[in-house]
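Below are two complexes that have chain A in common, paired first with chain B and then with chain C.
Up next is the complex of A and B:
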């Protein structure tokens, strides 16, 4: 029996740790390219908007204990609910593509001296198939395991970076034209799917008074951690930030002790990579969960295998097409994110008002 | 007694094995290579030759050995139209794929100063497998010959020059140590100016007298260098009978838009380092009370501030330090020495000496039209609304004032 129960603490950790970990690879560099020294601003703006949607779903959780699937069922019937969840499954599976290719490129660049074979990355899928076959309860537990790893390693790397950076590089504040800043927000838009995650968590935890604030603040904190890393990254590299990929692995290399004792910071990078892997795999777990809901069958291992098969195929198709994946992420996944992470949380209230609310009273 | 859930235990073991396997894969532990086929570039020299680029790489070749010496160093030269092309030729010549992740030193030959150095260095800013941590310097003469020099203590040229350009040397204010990141940031900044140490080999006669600069050259037996200091070292046979050479890094090459704009003198270099670097302990000679003092300065703090007052840009160069008398060319009362109080006249003399050096530095930079003190960048960051108005004139026209604050240690 696969369990999907979560505690509020686990949801808070997912919203904070996984939200931050999955955005520390290429996101700071793309924001530096889009907005220069104001790279932190689109991160904060996108985080604020996404946090508002997370809060909206949390408030809905305070009204009903039903899952989103049940609300859809009550409002529009089982078929519509299944179709929408199948679409969510596709969305979560595709949400894993960009961070997965970034992870692949990061591993190849940071951990290898020369370009290794693509096959080197395949063990990721052994892990992803296994983790994906577990339910939401497992995702919550892994988040709890990842919390101390993330906090210690991210803090270590950021502090090492802060000792060798110049924060005046972030000046002058916000001199870019609004169109450029909005462009930055749009480019990073697709990376925020916490609203969609919260919809899936809905009904899988017991809501108590004040939980909406806790979960929303956790989501905001995750975004602020990303903004802080972006600021430190730019303070370390200034105008060179746009050509420095995988920010979190680069901000610590100028720490003075490293020149004497070697790349000890890589230990922290390795450990942080574990949290990043779990953050990516969460999307696969969510896709498997959505397929379970859509089919009504607890065939998680088969669903996980299917989702990972698609991802393996995409990995081969998009091998050496890193820029293309980024562009597809910005364009296609941007629109998908708009529908699933922004529109759907808002629509959930309409669904609740349309059918779920009435039947709950009955 | 609680029953052990074997299914759960097996599941946990499976998860741990997967994580461990993934970790080993990600960290290349299954990709171990034979060290006899590995070549690690520890330093590289770049010269321009016949319209192309010549890269001389000092390569460490690890040798499997159970005792002592297990690394050989060789110099390999490759030529090509770009740095990447030249490195590829090294690969072709040796069979070793050159790895730059351990490269700690880049030397640009004098020939590179004629054009934009960032056209040459472009490779290092693009390559994903290179870091921006290598220290960079320009040398008089050929960088390849400099790297091929045999050192007095059996060290490689790279190790000797690295020592001269170390963080400790930088903290003494005698060398303007920079790395690829720093010069890249400076060149891409509004100031579009950067600087780096300028290495020169100085000939000495057998009796120990200095005979001026000479080109870096190679070959011959090792012999000693007679003069040493925080910014000089090594010891290299100059190919001259009875003469030796040593490296000096106490001058600074300055660049405008990536092109060599001049070379600062030792005094100007020292002034630049007091302002730009986090120096810890420096020595400044000065005249006061009819005697020559050498002042030791600690807790040094230098900086530049750009403001716009009454419609005109003003630059204030500040420096503060705690001072003690390290030496004086006359006998002093032991009582006053033990008290350690530096007389106000001596403090004033020290301040005047530093101010003179700062003034000379600003004049030299203005003459070279090189904004190495980053007036434009500071205007951009802290007075952005005036940036367009003064960006072209601030280096030439800004009123520069000095604020030297020396305090007695006693």
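Up next is the complex of A and C:
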């Protein structure tokens, strides 16, 4: 029997670790390209916005123990709720495409000396199908397993980078024009979906007083970790940061104990990749969960299979089209992100408030 | 077999009836009579029942007694603690097969089952798989009664419940389900009992069969109940809120629910300082990770990411592997196979061939293969080190050796990304597995901070005043003390 209940601690870890892990692949390089030495600033701004939305959903959780599906069902009926959840399923499935292609590119660059064939990446889907069929409780538990892996590996890499970096490269602060900074903010704002995740967790955990603060702070902490990595990354590479893809794999390269040949620090990167894998698969797990809600049937591995079938097809379609995926990710998926990660939490509040007025009338 | 009126009045008829069922020639009948000519017959299984006891404590008193027909008087004359009146033929048959004697009296419907069971067995000694430098050295034996005695010796508590079950249609193996009432969750022994009863099999020769019966997923690569050979560990686990199973004929006792972290704990951790225990535990975790992953990582480094190897080491490896006719993965696989064959042979071979085997294995196979340029030195070092590492956690060896092979195959085919994926897959699998409601990865997932004190680090005794939360015991406190 698959369970979908989570503990507050698990949600906190997901918000902190998984959201940070997924952002550590290409995001720092993108931010360096967009904002130069102020790259950490948009990261913090984005984190603030996303944390605000997470907090808003948490506050809603403090008012009701219903799931978002139940709220929609009560307000608009079962059919509308199912349609919205089907759309969420599609959104989460497509949200996995950009990090998946980033992961694929990272694998090609960091895991192999020569570029391997697409087949090497395909076993990812065995894992994704399996993990996707396990429900949200499993996602929460894997997050707890990933916490020490993430903390140890990320800390090792960042410390190794910090010992050889030049923080003066980050000075002077905020020299970029506002438009450039807003552009950087928009990239993160449109792409990441903490609000949507929190909306799906709603009703699947028991809210207690103070949980909103814990969850929001965890989300903020995840963002701060990313900002720190961005800062260290820029301090290591300075203006060359824009051409250094997959920042986390490169910030420790100049650590005096390792030479160019003999990069034992990569072992930490490989271990960190486990957390990244779970972070990517979380989108697939969420898509399978939404599909399960949308169909109203019993939980079945077929939901995960269906989501992964779509992703496998997209992987073949977008093979070697990394730039195209990145563009689609920020343009088309950006608008989808605006709807699902920001408009939907607002809708949840509206639905709840309207329901409250109805309750008062009755 | 008629159950209602199994025992007949005439002695000859009674013996004939039981002999119809127990036809084997090692079922012996000893007929004797008292001073007043009252006839008796003792039916027993040769080899299992104690003939000396039968002669001294049953035959002799009855021979010398002047007894009438009263069955109660006969029972009083027997100077044995274990005498019970049999109800029907079924009782007599199972009593005899259990190693006891059935005493029939001529002219009486009554018969007695006399506890004369004395199966051949070994003495209580230190178990070979759980040796400790400090701490108790007693180990379980194959005799269930001795084992229960060893447990009772340590747990003189009225809370200790021992439920006797039987498993195996033909073997009728005795299984003792032990737990501490009020400390172990009630559902756990109930579920275990249900699982044992639900399985009908001919023979239960060892506790490993019961282990399969009580596992929720018997095909899983990971076990679902822990095993131990020492009564002190067994009792400690009962006190934590687990249920224990002792099987007649097996020196390995089982405990459930099981958490993977248990295998990293050794008995000695609790008898030495917590600092030392923590270091050793960390070492065990590292050793298992190295043992499972090192051969796979070595292959990957050679095949897919040479950058991983430090430059000086790389030159050494390059000089060693030059001229080796196999690819790194085939070479490693072959070396591993040689190790497994040697391991298997050294267990099965008679002890006196052992020395020859070591010489052949280490010198002829290892040294000559390296000199001949068939296998490289690093491959042998890595496999040997991996084997040693895995034996730091002997209870997990079955699983870890299989995992090592799996990682080796994945490393040779997919490379480093395969290793990351397989690790993630295993973590995901383990996170969803449970043993009697307790997740295998507890106390890490779901995280129970308090239980971490006895997980990969070992806190001192005064920091562990409560029983593990993961086991959900209603009686939470195990140590009351003002010390902190």
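In this text, the second predicted complex is superposed on the first by the 349 of 362 C-alpha atoms of A that agree within 3 Å, B and C clash if a C-alpha of one lies under 4 Å from a C-alpha of the other, contacts with A are read in each partner's own complex, and residues count from 1 in each chain.
Please note the rule applied: contacts are C-beta pairs under 8 Å (C-beta built on N, C-alpha and C of every residue); 3 or more make two chains touch, one makes a residue touch a chain.
Predicted model only: the values in this text are computed from it and were never measured.
Engineer: After aligning the two structures on chain A, examine chain B and chain C and state clash or fit.
Structural biologist: clash
Engineer: What is the contact status of A:120 with respect to chain B (first) and chain C (second): first, second, both, or neither?
Structural biologist: both
Engineer: In the overlay, answer first, second, both or neither for which of chain B and chain C A:245 touches.
Structural biologist: A:245 contacts chain B only, not chain C.
Engineer: Using the superposition on chain A described above, determine whether A:172 touches chain B (first), chain C (second), both, or neither.
Structural biologist: The answer is first: A:172 touches chain B but not chain C.
Engineer: I'd like to know which partner A:295 touches here: chain B for first, chain C for second, both or neither.
Structural biologist: neither
Engineer: Applying the document's definition of touch, where does A:270 land relative to chain B and chain C: first, second, both, or neither?
Structural biologist: Touch status of A:270: both partners.
Engineer: Quick one: is A:145 in contact with chain B, with chain C, with both, or with neither? Answer first, second, both or neither.
Structural biologist: In the superposed model, A:145 contacts chain C only, not chain B.
Engineer: Is A:254 contacted by the first partner chain B, the second partner chain C, both or neither?
Structural biologist: So A:254 only meets chain B here.
Engineer: Would you check which partner chain A:326 touches, where first means chain B only, second means chain C only, and both and neither mean what they say?
Structural biologist: The answer is neither, since A:326 touches no partner chain.
Engineer: So, does A:180 touch the first partner chain B, the second partner chain C, both, or neither?
Structural biologist: Neither partner.
Engineer: Which of these chain C stretches, 344-352, 416-424, 452-460 or 470-478, gets into chain B when the structures are overlaid?
Structural biologist: Only 416-424 shows clashing C-alpha atoms.
Engineer: For chain A, which residues lie in the overlap of the chain B contacts and the chain C contacts?
Structural biologist: Comparing the two interfaces on chain A, one with chain B and one with chain C, the shared residues are 107, 111-113, 116, 120, 123-124, 126-127, 130-131, 259, 270, 273-274, 277.
Engineer: Could you pull out which chain A residues touch chain B in their complex?
Structural biologist: Touching chain B from chain A are residues 107, 109, 111-114, 116, 120, 123-124, 126-127, 130-131, 168-169, 171-172, 175, 237-240, 243-245, 253-254, 256, 259, 270, 273-274, 277.
Engineer: Mind listing the chain C positions that touch chain A in their complex?
Structural biologist: 297, 304-311, 313-314, 414-421, 423-425, 427-429, 431-432, 439, 441, 444-447
Engineer: Enumerate the contact residues on chain B facing chain A in the complex.
Structural biologist: Where chain B meets chain A, its residues are 14-15, 18-19, 21-23, 25-28, 31, 97, 99, 101, 104, 125-126, 128-129, 131-133, 167, 179, 181, 184-185, 188-189, 380-382, 384.
Engineer: Which part of chain A faces chain C closely enough to touch in the complex?
Structural biologist: Where chain A meets chain C, its residues are 7, 9-10, 107, 111-113, 116, 120-121, 123-124, 126-127, 130-131, 134, 138, 140-142, 144-148, 258-264, 266-267, 270, 273-274, 277-278, 281.
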